[in-house]
Amino acid sequence: MIDKTVSNVSLALKGVKSNMTLLLGGFGLCGIPENAIAELVRLKTTNLSCISNNAGVDDFGLGLLLKQKQIKKMIASYVGENEEFERQMLSGELEVELIPQGTLAERARAAQAGIPAFFTPAGFGTEIAEGKEGREFNGKMHVLENAFKADFGFIKAWKGDQAGNLIFKGSARNFNPVMCGAAKITVAEVEELVPAGTLDPNEIHVSGIFVQRIFEGTDYEKRIEQRTVRPKI
Amino acid sequence: MIDKTVSNVSLALKGVKSNMTLLLGGFGLCGIPENAIAELVRLKTTNLSCISNNAGVDDFGLGLLLKQKQIKKMIASYVGENEEFERQMLSGELEVELIPQGTLAERARAAQAGIPAFFTPAGFGTEIAEGKEGREFNGKMHVLENAFKADFGFIKAWKGDQAGNLIFKGSARNFNPVMCGAAKITVAEVEELVPAGTLDPNEIHVSGIFVQRIFEGTDYEKRIEQRTVRPKI
Amino acid sequence: MALDKNGIAQRIAQELKNGYYVNLGIGIPTLVANFIPKEINVEFQSENGVLGMGPFPFEGEEDADLINAGKQTITTLKGASFFDSATSFAMIRGKHVNLTILGAMEVSQTGDIANWKIPGKMVKGMGGAMDLVASAENIIVAMMHTNRTGISKLLKKCSLPLTGVNCVKKIVSELGVLDIGPNGFILRETAPGVSIEEVIQATEGDLILGDEVHEMSF
Amino acid sequence: MALDKNGIAQRIAQELKNGYYVNLGIGIPTLVANFIPKEINVEFQSENGVLGMGPFPFEGEEDADLINAGKQTITTLKGASFFDSATSFAMIRGKHVNLTILGAMEVSQTGDIANWKIPGKMVKGMGGAMDLVASAENIIVAMMHTNRTGISKLLKKCSLPLTGVNCVKKIVSELGVLDIGPNGFILRETAPGVSIEEVIQATEGDLILGDEVHEMSF
């Protein structure tokens, strides 16, 4: 067994520098790498390019990095719910590249899987396809999209073991598995870290081979963006 | 819940006709859809194009279809261990297209995922790449490969539920998950069929949306090709 | 009288067929789930990685790890499954999701849709909409026929940046049901109490009357 | 004296580094697993969907659902995981597997390898070999230097259909260890009792002597 554990978030983020490109898992505030983001805030690394489906809210998630102006460029599919983001974008301080959510997922998966480029129908005929190769397959136009390239990937899982194997919970899975192994170094933080051999090999969502460092995170807030309920009847 | 259950293998294969293209899961004899193959033998459909990593052995797996000369074309990555196959291939009775195993898996996954084509480094500079587009990415040459197109996909899983959700066991998983949803109709046979709600949504390997028909198979032989053991000490 | 949001949702619910996997966009489309006929089995897919979505949780039972694409807390039903985002869009791109219902700012008579960006003003992003509209066999748009100042949103040509081209099949607005035909919008149904003339007035694009334009029935 | 198969495997095992994920081909490469130094942690990947492969099972404990890429019954070690074939080749193509060890019928001095087809005679297929050689950063070939009639298999140019081009980095044969250099094979080590002259004789391709050619040590 190849041991991937590091003892704390500071060791987990060793080597993170300004001007790097980061991949960050999560959808909205669900399944985001809270500990890694908190450490990035402490490190004050700047000029970061962040690839993540969303950009957090004003006071949580990637919003914390935006507030400190650590992000130079945001690559995302949806960036609503964040006033500071909107301000920085409209003022031109923040570079923003919006890409279709499925293309975002597939470009990460392509990076993980050694597929340098693939065709997708998403965005053909829109400004997203400008400057990209278009090609017809089965009577339908498609756009050629490239795999992401990133320095670090920050992943949040539910359980993990020493070997870096990961299991996710509910919809907190989202972009996390596809971003594992898509950057040069993948750092996974988990709610519960267990010894190798504890997890059923059949139930593992992501194999440890895609993870370089793993640690047990602390103080998860797991904030809910839209608390919607129905009355008990 | 959308119920995908059919009561037997005969209903599961309704609509299978001669000249069709089939995707079949399994690696060697591990995780092959034994019941579907047995039914194909009974149906005596001919001129089939079969996409499967291997072609079985002389008296089991796809070898049973070869014996009855039901297969016109075999698309596989490795076809050793089968004398009848070799005879039919060398005599020209059987058309054979050999493709790299990873490309086979990815072409199935592409079909499942609505990706019509992708670039892979596998096979560049070899006869496999002849007539295919080559392109350089990151200083390395790649080959453009297309998604498979198939009429039926035959899948074997360990457990499944009414909704078509599947769980595989050990290395019997192999090509089965990536072939789900890659053909017009995906037929899953399982060792144990349980009511919807029985399987943990977090532990499902393939969502029922990729499966059109599911049934509980019978009389699994699960033959071992190479029984390798070590002495108890 | 023009339909309200629930009315639009209720009319769209009639388009659902047994065995459909359905992706509901944010806003009016979400309300469609409340009007599914009992005799019909459908499953709702949420592109953040849930199939078999159920209603909102009972108060106190919210789970931060279980939300829909609108970031709302949800529940799951029997037969549900969770998966990653690449698999989710495999379902969408691979046409395994049968029907997509989403909102729009503008739709053109050739089926183009714009719903993700107002240059210089609102740029929230397309989320999964571009994948959904580029892939779905069957797309129904739930939208208001005109904006607040009465200007039509059913146009000859969209003025806003596009989300997808030639993809919308059907529109349900507060005024009626329209299909996209080869020569423009085709009016199929009018909302209760809305005249054909009112729909014509509210539609900037070419509008053709269907063979038997009739009032919606619920 | 030339090495036997176990000797080749033992020498290759010295190339393994702590933390390596390794894919072992069928034949001699499989034997490498028997010679891993105790102080080193490596994990074996089998392209049919197993990471963390262990030794063969004890008699009576074979499981038909647990085999390796050679279709042999196996076991798994702590920290193992199972996955589908697309994920397996994501590991390979994505360069997550650090080292590939495989057999060859021919290798050229530019690193081309042929190991899947003898036209008109043997056509078993490439299995995962084409993906492995096209992707791996580090490829070691375990092979016999010559065929049974003494004809060299280390060539200027392969005569058989290729499996991959410019990909082999290192060869361990019964006669020695050779790297692929810009101008041909580079002899690094000789097998115990084998002379440099013998290696030169057995190599059809251009052979350059490394800086310090020495005998292998075990």
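A, B, C and D label the chains in the order they appear, each numbered from 1.
Note that in this section a contact is a pair of C-beta atoms (placed from the backbone, for glycine too) under 8 Å apart; a residue touches a chain by one contact, two chains touch by 3 or more.
Being a predicted model, the structure only gives us computed values, none of them experimental.
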Chains in simultaneous contact with subunit A and subunit D: B
Chain located farthest away, centre of subunit B as origin (C-alpha): C
Inter-centroid spacing, subunit C versus subunit A (mean Cα positions, whole Å): 28
Geometric centre distance via CA averages, subunit B-subunit A, whole Å: 32
Geometric centre distance via CA averages, subunit D-subunit C, whole Å: 55
Junction residues of subunit D, two or more chains touched: 82-83, 86, 89, 92-93, 135
Set of subunit B residues in contact with two or more other chains: 106, 109, 113-115, 120-121, 168-170, 201-202
Those chain pairs that satisfy the touch definition: A-B, A-C, A-D, B-C, B-D
Residue ranges of subunit D in contact with subunit B within the complex: 46-50, 55-74, 82-86, 88-89, 92-93, 112, 116-117, 120, 123-131, 134-135, 161-166
Of all residues in subunit B, those that touch subunit C in their complex: 1-3, 109, 111-115, 161-163, 165, 181, 195-197, 201-202, 204, 207-210
In the complex, subunit B residues that touch subunit D: 27-31, 53, 76-81, 86, 89-90, 96, 98, 100-106, 108-109, 120-128, 158, 168-178, 205, 222-232
Subunit D residues within the subunit A interface of the complex: 19, 21, 41-43, 45, 51-52, 76-83, 86-87, 89-97, 135
For the subunit B and subunit A complex, residues of the former touching the latter: 106, 110, 113-121, 135, 137-138, 142, 146, 167-170, 201-203
